[in-house]
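The structure that follows is given in the form of structure tokens.
A, B, C and D are the chain letters, set down in written order, and residue numbers restart from 1 in every chain.
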Amino acid sequence: MARTIIPFGPQHPVLPEPIHLKLVVEDEIVKEALPQLGYVHRGLEKLTEIRDFNQMIQIVERVCGICSKIHAMCFCQGVEEMMGIEVPERAKFLRVIWSELHRIHSHLLWLGLYADAFGFESVFMQFWRIREKIMDINEATAGNRVIVSVNVVGGTRADLSPEQCNWILQELDWVEKETKRLQAVMLDDYTVKKRTVGVGVLTREQAYALGAAGPTLRGSGVAQDMRQFKYAAFDKIDFAPVTAPDGDCYSRGKVRFLETLQSVDLVRQAISRMPQGEIATKFKGNPEGELVTRVEQPRGELLYYLKGNGTKFLERVRIRTPTFANIPPLLAMLPGCELADVPVIALSIDPCISCTER
Amino acid sequence: MAFMTGNVLRNLMGKYSTRLYPIEIRPAFEAYRGELYNEIEKCIFCQSCARKCPSQCISIDKEAGLWTCDPFACVYCGICVEACPVNCLHMKSTHRHVATEREMIEQKGTPPKPKKKAADGEAAAPAAEKKAKK
Amino acid sequence: MKTLDTITVTPETVVGEVAKLVTSGWRMITMSCVDLSPEQFEVLYHFDKELAETHLRLTFPKGMAIPSVTPTLFMAVLVENEIKDHFGVCFDGLPLDFDGKLYLEEEVKATPFCKYSTGTKQ
Amino acid sequence: MTAIILGIIGILLAPVLGGLIAGLDRKVTARMQSRFGPPILQPFYDVFKLFGKEPAIVNVWQVFCAYVYVASAAISVGLLFAGGDLLLLFFVQAVGAVFLVFGALAAPSPYSQVGAHRELLQILAYEPLIILVFVGFYLATGSFKVADILAHNQPLLLQMPLLFLVLGYALTIKLRKSPFDLSTSHHGHQELVKGVLIEYSGPYLALVEVAHWYETVLVLGLCALFWHTSIFGMAILLAVTYFAEVLLDNVTARMTWRWMLGYVWGIGLAMSAVNLVWISFKGA
């Protein structure tokens, strides 16, 4: 087939969110890929001029529809650091529990979409069925399925009773059991390996130079995870980053699959080590100064640059989401791949376009 | 090779994971933040909720005693419920029902009168309450 | 008051400084642009290496085009285009230039993120 | 005369049967994914609804191709029921398959074009296999006529088990099931969205869908010829075959066309050759 331009997206069933890729294709081999963004740009950073820093928590939560809790946590941590607020220990553990629950459901969602990208519909259904359990946990403990809104500056708004903790542990046992049933399918199945091994290779050097983040970086063998920073209660939890060496779609899938299981373990650790006590500190005053704060989102590192001027309105909030960093690596991965592999590669960076454009 | 076989055959024999939704409805979780409502007779129209709201969806007319929430702007965060000094705001544990046209949550109450006029205000209160229940 | 430890650079030295950091194994995370005052913009370049952070601070007057670091470091391409969209800052020698149309529609001429003045794209 | 009546009965009955099979397929698939799935009659509701829609076409070629596709699929089913010649049947259904590709090529959409190319490759992959299966029938029974094959006194599966597997490949490709749902798939979550069918809509999409039902019946009918001695054996063979197809669809990912050509030609042709040699030696 001669050289053709295939418009991929912004509305394409395999893409969960709107990104447009202009693919120059020859004999079903991609020669060149150009992105076009801007289909869901909302300018949330700008809202800091008319919403005070407490209201901004609910606004930054809406940057991403999957890992909202982690955005709010990152923002709160930044403001707390700026104002010198000491967060109670229990609140730190609660933050870890909910943020790891968000990671589990985000990864399960991704694993489903990824399976769908290479045409494995039944696996997609299985993963989403498991994910529903996590949604139920969120809804029962924090009041909403995804946008849990539990963070406030100084701690959390909701607490977990011992019964709820036990219930979460029970449900997580089921989640772990069901996820493990799919381990062989995702990691050893002939057709799955055929579609992912050696597809969209990003070498360690490329990943580092192009600024890849999160599982995309760890899938290329770089052991970098913001949870190594020991933010929230991660200083009291045993944690080591998951990596895979090959830098192909299979490696990235493997990292995410193993991280799902690891996060189940992290929630268990957090619940077992959580102390009693207050869940929020009272504070006075307004943030002043500037700082950069980073946490690990399911998709990779999340960076907030905050600048306060002593009023209740922050001067500047700059959000760098992981997908934004992972688009240049995606452009490096696409040329040379087959048209059939484009959805697999595009999904392997776990694109969250709403995050990217904010 | 085909590791999925066990899983699909188990599903074939096992229970359904989905629900026939409108026929079978899962009971709501107690903590779920659903539709917002105001116990208008307790409301003192202090405007704390409107000020704290991140999406600025609540508007209050103190003179007329009108409390309005735009459910299409509301983000169901529950900040207003916590901010309320007299605990008159609540969230139901079910979500708002499907509507065919855009309608606001509007509740009419009696704003607290200055102390000396309190006697006049009491007479008007029952009538206002009836309206609110509609 | 918290402040960021930064290395101050000028438009002349920024590309050299970035290249130096990259060759000594630093990884660029992103850049942030701040509208400082009616006269000035500030661009921060955030780098990291094994969890340590370093930042370059570049302050320059509005209306001035600053050199692009994309030729040195391809990952900056989206960030620079984004800053161009939001603040109307021009980058000299940007290889893949969306010309202020990465996020915004073609007919939008204003720069939405400027606080002190609604600058137009040069 | 009986042959013509049988053929007409086949043409009338096949869409009903094909639609029911499609409905059952969706139900079983849903169960395998632990869902409820649509009602069994859902494919009929879909097609009736499509027939009721306003036609929107890219060009007249497309309409013509849809009609030729459905006509040739119907005639080939008729020939099968009438006990006609397998070779004639093969050519008639090949014409339909090629016209489906023409219809897709008539539209300038890149997805449709790529889908058409892939469909062409799929035809290239399964047509030689079907021909070899027919040769197998000939070697085993001495005739290409369905009526003569039906008169044979023992189940052909015993003589040509490998050829039955080869026909299974063709069936998977024809039914557009994983791992061969390359040119189009039943759900749109594919890189080509709906591939060859993307530019069809309304009544013409309904025609293509009906033609698809005919083809399902045709290939299943060919499978049935492997156990023609008893109705009961035929039913069991078909049920097992179709269940295996649904299962396969649910336990494999979609593959690429390069893999398909290599795999289907390599293994399919090898199996056919072994089986054909075996039949001729046994016969001699």
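By definition in this document, a residue touches a chain if its C-beta (ideal position, glycine included) is under 8 Å from a C-beta of that chain, and two chains touch if they have at least 3 such contacts.
Note that this is a predicted model, so its numbers are computed, not measured.
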{"item": "Chain pair, B-D or A-B, that carries the greater number of C-beta contacts", "value": "A-B"}
{"item": "Chain B and chain D: spacing of chain centres that average the CA atoms, whole Å", "value": "55"}
{"item": "Rounded Å distance between chain C and chain D, as computed from the means of their C-alpha atoms", "value": "58"}
{"item": "Whole-Å gap between the CA centroids of chain B and chain C", "value": "44"}
{"item": "Chain A and chain B: spacing of chain centres that average the CA atoms, whole Å", "value": "30"}
{"item": "Touching two or more other chains - residues of chain A", "value": "120, 122, 126, 129, 189, 191"}
{"item": "Chain D, residues touching no fewer than two other chains", "value": "32-35, 250-252"}
{"item": "For chain C, residues that touch 2 or more chains besides their own", "value": "none"}
{"item": "Each pair of chains that touches, named by its two labels", "value": "A-B, A-C, A-D, B-D"}
{"item": "Interface residues, chain D side, partner chain B - complex", "value": "28, 31-36, 247-248, 250-252"}
{"item": "Interfacial residue positions of chain A with respect to chain D in the complex", "value": "1, 4-7, 12-14, 25, 28, 115-122, 125-126, 129, 189, 191-192, 194-195, 338-343"}
{"item": "Touching residues on chain D, where the partner in the complex is chain A", "value": "29, 32-35, 110-111, 113-114, 117, 178-179, 181-182, 185, 187-191, 193, 250-259"}
{"item": "Of all residues in chain A, those that touch chain B in their complex", "value": "51, 54-59, 62, 120, 122-123, 126, 129, 132, 136, 139-144, 147, 149, 157-158, 181-182, 184-185, 188-191"}
{"item": "Touch list for chain A against partner chain C, complex", "value": "36-38, 41, 43, 45-46, 49, 81-82, 208-211, 224, 228-229, 288-292, 301, 303, 305, 307, 315-316, 318, 320, 324-325, 327-328, 332, 357"}
